[in-house]
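Read from first to last, the chains carry the letters A, B, C and D; within each, the first residue is number 1.
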């Protein structure tokens, strides 16, 4: 259409392409960026690596932050342990105690680790590292186990059954009300806890919380 | 002229600049136009900044800085003060080289530059964006003394961009395409699964906020906007959308952003942000400095499920409630400003606010919330906040029962 | 994957940062949180700034800088890009010493500090603010080649402040008090007369814009907001309000801001801003770079007399018109964003936009306007703007007949 | 009222003071800031000055920008002349040709001049300066004329009758319409003028208007 001819409205639009803007990425371009992995193994690149290989790689690339056994150095994340802690006061959520799928570990580590130089290792090295982290978590118990694109999706994680779909609409139905209570809703209350007692708020030199004028 | 009692003011300032004198800024010329081609706040506002809590994280590159809610008014957050949450630092993206790839279960995979994205029909919407971990440090009790820290992982701006639906229609999602993987170009290459249903509903690929280009820390040159849903889904520096038939269960939706319940089970895909409110002033960083008398309670309310219907304020820790006044536009999935004005008699108060959204959902007390969710949910803490106003006007974050 | 024709793009960029490669900002960590406690735009946006026109004025302290409308979207202007108009430079006011004095025909004269002003009930409103001289250089014909310069003396933000009515009721305006003198604390000590009727209607003494404190160049710490009326009345660095029974006829409402007609008589007190619109893109500073095909016309419309009702766009210099789509909130006396989308066949266009507001007022052509007002009005040029889009996509400011 | 007691709504409010915020300025404080002047002379401070005195002050404080005869140096404002030009192609709007009231001159000059050091002169000096600017504009013709708070309001300016109240609502009534025209509204148009021909737009080094990417 030329000037003066209005574009068809959404309702009339044909299902086919409408704008002709941009271009199709080439197969190579997609391959370069398409690094995600799903629980069913979709997306796994061809490759393999053993726990033993992973151990060495982990010491070289990961242990400085996550500790030699995935216990976490300083405040850096803990990667192993915490089994059975999910119902305790202080759950320790790790790959072994919490993560539902092994694919997530491969997807994440390749996307984001080593912190600061992600995607810097070879595909085989990522398989080895994932194998080692699973080993640290007792998901894999054989040091000679070789993790690969053909077996990663078969690995069963301990807490796979630990998740449920968001059910707030039903389990928290009581929060939907007609008219909120306005008078004498609860018995008189008392202060039971104070942030100042916990005393972890960043402070200015004057000892007041940061940002107090 | 009737004499009116003057409340004591902190610091007398410089009388030479006060009446009857003519202040120095009247007696001399100020800076000319365009001396600052891009403006900035007065030097007297230097404390109005984003702040982080150092002990929270091992490194600033995977960390959070908080919006100074106690210093702000209205519903728009200025771009310079929108809270930050990064997993690999602020990607410094050259827009000339940035690309958005759409592929997977689509008829026509697409590769778009920023200039090309801007050629698609544009939409403009004002929405809040809240991190699901906002108030997450408060599950076990009052921890951080200031609403910047307890509630500052939220902002609200006007976005301009392309409806995600437009792009998905352009690419032609196959009937089996039920989920999207959305992925960032930052060093964490953040990836999340998004149901096609939401993607086709109201999501936006935004390139402007409050009229101008996204700031780098907000995803320049393009980010995903997922109205009403947790901020983690609003992928910044968006580089890729893959259409699939199943969710990916990425690290950010398994290890993180799942809500552990007391029975050891965890809720996943808890996308929408429950209705929530907070009094921004008075608050620990914004004490009452004027003594007793007419007092303004100012606060924010919002809901990921629609518009704010009403807000009530309590002065006695939730026993009795008084309707607040909503002021300024009340928009869908946007921050809403409320006020409650009263004569303070100078006695201590237990200040709370409580929102009800248009679905009827009423913000629960912390006790009500913990009864269902326990103490280890980390995310989605929308319990009612209590501020203890002391007789001297100082305010602290407290728990009540 | 279906191959789609790729339009030629200016500059290939750096292939190393494009797919299939992993760009450098993905391979390395970016800046951490709170490294910039107050954010700023990407370095790649350094050209998105306010600009002045040096030959317009003798000095930058009494001059104007223009908002880069061609780079902006939506309806909110970011604070850093709001145009500046000063008569004595940017007053650098210490809020601790600033005072607002209200006196004259009132029962109870008042002296208020900023902290005290903040104790009065607050209102929040989104309004445009346009200088009456906006487009003033265009009366005799097309002069400046860019909407930043022809239309950039306008911005639109959310204000927070106190209703002027509240303060006038507090002071108790006497029945003889029909006019206010409003005066600034800058080096020009700008003073203007404002009818009490408007003052009691919808004026605000604002101390926040887009949530944060006013920027210095916008009147920090407090300014007057006079919705729909000429910007000159929106006194910045407001220091004094005197109530009287007659107007003052100050320099800014006699020598300036009066509209000279062809018969030598001048209209005075032409406060309200007529309905007006402009296409911000394409425009001389925002040419079409994508060649023919689907093309977006983006623009702004506003009216000092209420809401925008409709906008039409012409491609042939005003002979035929097509309805534009209004997007985003349509608010009273606020900028309204409109779009017109069409398939450009690559031929030259004479682009125009025309607004009608809710009072029925239709933005006139320049010819219609000049027939009534002549060429020497300086102020209130709301005539329809014409952009000539050339076959190569370049755009120029032209006059047509 | 104490906590829990809502403030009365606007409708119920008594006309008297409601908030008790701030204080009354003292008479001295008001006097220091209350420098405005109205056409009827309200606000004029006690003082006086002659044209001759003004001439010297003007040369010392004003002529560098406005010229010795108010003709304006460079782009600084012209203060005198332009008589009879208001209906011409290029009207010259000055104190003499355009300004309706002498009070405005006193009000403005004391508020804002000398540019960069306003309010720096004495009241008598402002009277003298105003007298001199009126003299430059032939409003005062006697060099010995002494302008003062008692006679300033009696000065009649040439163009006082040149102003009318905003009448757009009636004189431009035609701009209000029911339905704007959509088709064949005017005859086909041609370009009659171009900003590029005038060529006054600030440019970047590339010769394009500033701000073109």
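A few remarks follow.
Basically, a residue touches a chain if its C-beta (ideal position, glycine included) is under 8 Å from a C-beta of that chain, and two chains touch if they have at least 3 such contacts.
No experiment lies behind these values; they were computed from the predicted model shown.
Shared contact partners of subunit B and subunit C are A, D.
Two chain pairs, A-B and B-D, are weighed by contacting C-beta pairs, with A-B ahead. Centre-to-centre separation between subunit A and subunit D, using Cα means, comes to 64 Å.
Separation between the centroids of subunit A and subunit B, computed from CA atoms only, is 22 Å. Taking the mean of the C-alpha atoms as each chain's centre, subunit A and subunit C sit 45 Å apart. Among the residues of subunit B, those touching two or more other chains are numbered 1-2, 4, 19, 26-29, 51-52, 59, 61, 71, 88, 101, 103, 108-111, 113, 116, 119, 187, 189, 290, 294, 316, 320, 322, 341.
Shown for subunit A are the residues that touch two or more other chains, namely 17-19, 21-25, 29-30, 33, 115-116, 118-119. Taken chain by chain, the contacts fit none of the simple shapes, being neither an open path, a ring, a star, nor a full set of pairwise contacts. Of all possible chain pairings, those that touch are A-B, A-C, B-C, B-D, C-D.
Contacts from subunit C toward subunit A in the complex involve residues 1-7, 19-22, 26-29, 290, 293-294, 315-316, 320, 322, 341-345, 347, 349. By the touch criterion stated above, subunit A contacts subunit C in their complex at residues 1-7, 17-33, 115-120. Looking at the complex, you find that subunit B touches subunit A at residues 47, 51-55, 57-59, 61-62, 68, 70-71, 87-88, 101, 103, 108-113, 116, 119-120, 141-146, 148-149, 169-170, 172, 181, 183, 187-191, 239-240, 242, 244, 246, 248-251, 254-255, 258, 260, 262-271, 274, 284-287, 310, 312, 316-322, 350, 354, 356, 359-364, 368, 372, 375-376, 388, 396-401. Those residues of subunit D lying in contact with subunit C across their complex are 13, 15-19, 21-25, 29-30, 33-40, 42, 65, 74-77, 86-87, 89, 91, 93, 95, 98-101, 103-105, 107-108, 111-112, 115-116, 118-119, 162-168, 171-172, 174-178, 180-196, 198, 200-202, 209-213.
On the side of subunit B, the complex with subunit C involves touching residues 1-2, 4, 9, 11, 13-14, 17-19, 23, 25-45, 48-52, 59-61, 63-65, 71-82, 84-86, 88-99, 101, 103, 107-111, 113, 115-116, 118-119, 121-126, 157-160, 185-187, 189, 208, 210-218, 220-221, 237, 289-290, 294-296, 298, 327-329, 331, 337, 339, 341.
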